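Okay, so chain A shows up in both of these, paired with chain B first and chain C after.
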Partner chain A sequence: MDTPPTAAGVGARVRRKEDERLLRGRGRFVGDIAMPGMLELAFVRSPVAHARIRGFEIPEEHRDAVFTWADMAAAGIRPIRAVSGLPGFKVSEQPALADGKVRFVGEPVAVCVAATRAEAEDIAAQIFVDVDELPVNTDMLEAVKPGAPKVHEHWADNVFLETNVGGSIADVAATAPIKVSRSIRTARQCMVPMEGKGVLAHWDRQAEQIVLTASTQLPHIVRAGLAECLGIEQGLVRVIAPDVGGGFGWKGLLQPEEVVAAWLAMKLDRPIRWTEDRREHLVAAANCREHHYEITAYADERGKLLGLEADAWVDAGSYSVYPFSACLEAAQVGSILPGPYDFQNYRCRTFSVATNKPPIVPYRGVARTGVCFAMEQMIDAVAEAVGREPWEVRAENLVPPEKMPFDNITKKHFDSGDYPESVRQAVAAIGLEGWRARQTQGEPDGRMIGVGFATYCEQAAHGTAVYHGWGIPMVPGHEQAQARVTPDGGLELRVGVQSHGQGMETTFAQVAHEVLGIPIAKIKLVHGDTGLTPYSTGTWGSRSMVMAGGAVATASRQIAERLRKIGAHLLQARVEDTVLRGGAVHAGAASVSIKEIAHTWYRAPQLLPADVDRGGLELTAGYKPKSDHGTFSYATHAVAVAVDPDLGTVEILDYVVVEDAGTMVNPMVVDGQICGGVAQGIGTALYERVPYDETGQPLSSTFADYLIPGFTEVPHVRIIHMVTPSPYTEFGVKGIGEGGAIAPPAALCNAINDALRPLGARVTSSPMTPDAILSAIAEAGR
Partner chain B sequence: MKAALFDYERPDGLDGALALLSRDDLSVRPVAGSQSLGPMLNLRLVQPDLLVDVSRLPELTGIRRDGDHLVIGASVTHARLEDGDYPDVTGGALARVAAGIAYRPVRNRGTIGGSLAHADPAADWVSALTAMGASVVLAGPAGRRTVPMDGFILGVFETALQPGEVIAEVRVPAFSPAARWGYYKVCRKTGEFSHATGAVLLDPPRGVARAVIGAVSGPPLVIDDPAVFTDPARRDAVAADRLATSSIAGDPAAIRTHMVALARAIAQVNP
Partner chain C sequence: MTKTITLTINGRRVTAQVSPRTHLADFLREQQLLTGTHLGCEHGVCGACTLLIDGQPARSCITYAVACDGRAVTTVEGLDADPTAAELRDAFSAEHGLQCGFCTPGMLVAARDVVLRKPDADDRQIRVEMSGNLCRCTGYVGIVNAIRRVLDARKTNAG
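For the complex of A and B:
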């Protein structure tokens, strides 16, 4: 850093600027926006998991208010296609409304238009969909067997993609003194952002554009995908994300409903709005996390890992989502399963399996939550086999700091950090010795105490080097930011990423303030609008602070140079004798404020130097880290639990996170990201699951059935920061948006198993419900 | 998830409400706090023609002492019972049960009568008031009648309410100063409906030793056997026996959870 941190610059605990409106209920979300003449949509959704559509019965009086794929196809609308370039990938086509066949319960098959949502639902209730039911794939392991019903008939099997990573580990398998195997599974979940999906589409007659106001994380990508489906040029499409109430991945895709709304707005020349209701979300957006692992670890007598082999299946559901595709999750499993560990022999085979469920969407942490759940159980299994404390085995297998930067077995390039130290600090912070003593004494109420640890590293802000290999519809390149000094000395920043809870209106202002010294109250962030911002792949992969934050810093520095040039002229000094500090250009004892310089450029140009930069006080700058393989933040989570062996319930007694985000732009925002992530991770660990019956019907469709942790279930999370700056990024920041959600299922699983050990019981799948824990205890008793 | 079209009336008094509720040309439902009916309307599980709002009827919103009973108007909210602003006769038991119902926003609107009329077996009042030996006063076109809780809840979402009737009052007999109350429900999280409920009242001066097992997919199971309070083997034997003929008979894990709930409720009354 050129200048010391100021009260509002990088590293400052600044309150979020956007909270003034968000916490007072004054945000502006899609559901808050109405337009004259607006119509609302209700979708008729498939009541069955797999069927051919024979036809529709639509009451005559509603003929003009109901549309099907036949109407869209006749208008030339194309299905959503999200192709991966990985060899062997099988392509699915997802029509925005089902085309003759439905592949999951909740798939949109027709759409009804009316003045209000309630009236549209009245019409939807009268539409009868005549179907011939087909056999159903509800389980990924069954769906890959020969003879399983095919989700896509023209495919040879139900596998979107199979990948193979690593080589033979037969030698290690034959000689390793320790061999432990597990079957591990994570359940299918919903992401449940506070605000559901929403879209308002209208044709802007003046701009001659279809304008999609949508709760999206990726406005520029939605623009591209939508233009492809509508068969029009991207110049005819504008996507605007207003306030967005959480995304977590669910708002990181082009949705069929968005295509339908845009098409209808153009066809009917009326504003069209659809807002997802909670029931639609819990049924049609049951779309994440479902993994299965058959995994074996090999180690020496001290627990040093010698090798790892796994077969992994991801239930990818029925279609490939745009832009991330159906195979990102499983292929990522293959490349990141080794986690933060240093070992030499590895083999992993992955399958992205098509089933009759909603299409899988990357959820906060993407594959890492499942991977960490599997890998960290194996570390504990090895520790148990060699009779040592799991944290010791963990620390000894982690990549040591002296090897950083480090290329691991799958060529992941770890940038910096002291992974084992995070374990040691977590052991101290949770007070392991005290818990071990308490375990020995026993609890007066008969509950059983357990302590669990989990360590991960989180690749974030992956760039071109990583993504061009996937061959999916988007590859992040140089991230751009636009900076404009206003005539009164304020600053406007324009970025193509989108803030939906991350606090970027504050943190990007802090970055610009760090460079320019302009008060953050005078820095305005414009984001989430393809009409107003530079192109960006958007907000995903914990990338925004690294990439767009870096671009903001770069643009600010370039602005600083232009300010200095004008300032030097006004001070009658040489440019090289000036510095920009505290919002003013200084030359010796003399100074001129940014406000005066801005006034000169805009309103007194007669005073400018002859050789002034004609670009003025507005520019766009691009940025990429020195290495764009991604930053690697990491953490160790430690949790102490009490398990009630009579009821199978779990109480979290203490929760510690020791994490390294590199340089923190705003530690309060980092803490908020971690706490929110941990809450979601606790949901994955203990509560969240969409169960399906044998016909593919989801058995949870309200919050009475689909449990998420509330404020009474989320403990106070004690966070300890280690700060190892990344050598590759502006200020040394690392992406941390997803990390909190990665480790909790693994840490809690290890803690529960630590508690259950005296009973000989073990759980290996999430969620670890009372039923699952009681079954494990009963099993052990047999 | 929007309700189908319905009409809405908010009469000034109970007589007006009863007149609307007895209309046989329409499908009519009374509504108070709407914490169960609201979601059912939005999910279109019920589609009445007319909702009659009884939440502000003066006859249904009072709490008074009547001899050795506390009389609670059917439209009294859980929150008011939680806050204790009434001449309590239960040593705080009513407030304790109320405080454990769902979340405060639900308690601010949800009512004791609405909960009983809905008759979800997992609801707190269904088990708790049965254990307290309460009764309900029903008002209808033919006048008033009083039904003990034990005969009011008939099954899952099934009560003794006849067409045109509403619950007017809940009558809770006063505990003696020596009474001990135990209540334990098994929930995975705050606000979740109970998976198993134990509710017990031990009031020797009044000769009451009542144990209730609730959340059993049917009316609560009432055990009037003082020995279950003192003899764990007897407690488990009686509970197992009753559960073996209940609606959860085929689910050994559920039976065990219910036995644990009862045991923990009893543990609360045994010093």
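For the complex of A and C:
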């Protein structure tokens, strides 16, 4: 199968097959789909953060159009339940509509049904929810103190889970010449895909199934969770993801609104549609990224890390989401805080804290963005303490290439690469010397120049070995792909992951083309439909190209063997004397095309060999990488900024990413993932925050309050690729989807602090807004 | 409760009954089945719903349908045969100026306006001109490159 790379195979910068329909406005998103007799939903949402529901006042004329949990419970609907098997995990149950108590502003408490969304909203506006307000937890550090109001009364405290990683590092703490400590915080954010969540549920009378057409990243997982909540067999549920307008994690869960829509479609025997509006999203889906670290690093006089200890809190909100649970993020902090570094002493305690905010959902990079923000500040802090360039201290502490593959202090198995080289290349590419000279010289406009670096490695496509330990409702195993040669020599691929911007319809076709030589124009990917595709845990954790791409390669190779066998017969050659190349089976000078072979199987079976594989030209193949501890892509980000000490504003003057995604199937798509990730990371770093007042009211419910980066806030990111193929995967690919979003807050924080150093000021929390920077400067001046 | 309006949609004369509170995007999507116009925020910030009213870019989520009586509305579906849009579609694909494609119809309408109105725009000007449209996937680099590509090609062809 040593076919040389072709213009459309692995490694080619191929234009996307998806583009044509999307560029003509002919995509098919949930909101674009209507069905005869369809009704629309509007949710009545909790106006308060914590309260007991005394009752509802529903106008008599709307009695039949309004439903509450009492109706659902009477029908036997079960709450969403996402447990973790980690010892000590406290279980929360989330009814799809609040059951007697509300725990965050925006929690659905009742649902209204009408012919249009507008009419449903009219009804919702007339529903009065009578509540007794309760004291609220708006801050995770307060919520863990004795006497804090309890989010879940039957718990002993507000901690979903406490984890402890590593052992005592008292010896190092007592003897290390360098000790630096920081308090570090990241703000609660909202993921903001441009398409909000949407769902259209209907009962398919012929298939006898509830069909949920939903903007989801995980159709098979939603199917399982939905069946559990509805109390029906999974065979009665089909989940279809049509075109999905971005996800980033927000569409990687079973949502209460999906349960409600499915139940109502069955109850009313009418198609039911709900489309999340932006205000609902910014209020009820403000659900990610909120971490707090108390962290200390120990080092020698040169800055070599001797140990690290940390307490970390994650604001997990009010409930445990299905399937990832409330503890994934904080527990992950404990295991990945050491980052890409090689050191010997480590202790970390983490708390997943319940508060009166929306339940936390893993956002692009999951805990890594917060972890990188904390760890990379510590590297710079150590460098400052020993009086050296941060990049030098960074490079010297990174796992060196000669130690690869490397098992780190928390048993993460780094597969390959040259981490220090990524730093050196970033230093050269950003032109550090030039910026240092400019710093010395000073800016004519009084602004202050800073340069910052951040390095991370990202465990992607984690498999069974990692996930079974969490004990959550979902453990990825073997990923499968179905391949079918069509009678005219094309190829259909079916995968259970879901593409919502990643371009898999193109990149998976490239993988199959690499193996089979069938033109990518003739390769069709079917994805995201539980009725048509193999089971999959879905698209999350930068896993799709490694896992489903590997399955597509495996299935294609097995198809190739069947093609060769029929081809050899038609060519009157021995199978071992044939090769599949360029879309045809060759034996010496003779050849027969895949199209002819397909024709023979389907249309002229009298010509087949007697011992032909009776499975024909259609099969399902499974795949798992050689190591299912995941791939480790890595990168160093370098950024130069100008900080205005009078206004607190930050301008990004240059941004460089030096990254290693292993083999790139489509470098254009990889670059797009990195640029998009960096833009989100810049949002985390400088702009995005959902503030709450003391009563738990969110203060950013429009795009006028919640700022995501636009054209003028994001620089023309420069990307340099290092290509170290993973030893464990098909073609040596590594997961890359999330990486871009991990390092920008850390790199920008280090750059801003580099700029502020002459003033003795320092920021340690994100977002680093003008107010935050001016406060830091004022603090330093006191 | 409804009003009768007559307008031109993508070159076709349409008479319809609309509720006064219905915004143009809902009218186009739900009543005219033109779902290429996307709704990203419904408060006039994100630009996903941008279309042309009498040839000028406008936010259809904060424009009432009844206000379009007698006007000519062009949606992304109406740009199929538009030569500038065709250049932009090719450039967006070549430069990876779209990922999920949800913001794309609004981006194309805004980008077309930039190409026609600012033929000499540099990258900074492209960014400023496009700053009324948000994208969460691409990081904007591919979109800026796509518009750059069209502007450069036009200059080459003109020269």
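By definition in this document, the second predicted complex is superposed on the first by the 781 of 782 C-alpha atoms of A that agree within 3 Å, B and C clash if a C-alpha of one lies under 4 Å from a C-alpha of the other, contacts with A are read in each partner's own complex, and residues count from 1 in each chain.
One rule holds in what follows: contacts are C-beta pairs under 8 Å (C-beta built on N, C-alpha and C of every residue); 3 or more make two chains touch, one makes a residue touch a chain.
Quick caveat: nothing in here was measured; it's all calculated off a predicted structure.
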Inset, instruction - Would you check which partner chain A:Asp754 touches, where first means chain B only, second means chain C only, and both and neither mean what they say? - result: neither
Inset, instruction - Based on the superposed arrangement, let me know which partner A:Arg278 touches: chain B (first), chain C (second), both, or neither? - result: both
Legend entry - Contacts of A:Ala704 with chain B and chain C, given as first, second, both or neither: both
Inset, instruction - Check whether A:Leu22 is in contact with chain B, with chain C, with both or with neither, and answer first, second, both or neither. - result: second
Inset, instruction - Determine, under the contact definition given at the top, whether A:Leu647 touches first (chain B), second (chain C), both, or neither. - result: first
Inset, instruction - Between chain B and chain C, pick out the one touching the greater number of residues of chain A. - result: C
Inset, instruction - Could you tell me if A:Pro770 is touching chain B, chain C, both of them or neither one (first, second, both, neither)? - result: first
Inset, instruction - Scan A:Asp122 for contacts with chain B and chain C and give back first, second, both or neither. - result: first
Inset, instruction - Applying the touch criterion given at the start, work out whether A:Glu479 contacts chain B, chain C, both or neither, answering first, second, both or neither. - result: neither
Legend entry - First, second, both or neither for A:Asp243, with chain B first and chain C second: second
Inset, instruction - Across the two complexes, find the residues of chain A that touch chain B and also touch chain C. - result: 116, 118, 277-279, 702, 704, 710, 712
Inset, instruction - Would you pull the chain A residues touching chain B in the complex into a rising list? - result: 116-118, 121-122, 125, 277-280, 646-647, 649, 686-687, 702, 704, 707, 709-710, 712-713, 769-771, 774-775
Inset, instruction - Write out the stretch or stretches of chain C touching chain A in their complex. - result: 19, 21-22, 26, 29-30, 34-43, 45-46, 48, 75-77, 80, 89, 92-94, 96, 98-105, 108, 123, 126-128, 130-131, 133-144
Inset, instruction - Spell out the residues on chain A that touch chain C in their complex, using ranges where they run on. - result: 15-16, 18-29, 31-32, 34, 116, 118, 192-196, 243-246, 248, 277-279, 500-503, 668-669, 671-672, 674-680, 702-704, 708, 710-712, 714, 716-717, 740
Inset, instruction - Could you please specify the touching residues of chain B with respect to chain A in the complex? - result: 1-5, 39, 43-44, 103, 186, 188-193, 195, 253, 256-257, 260
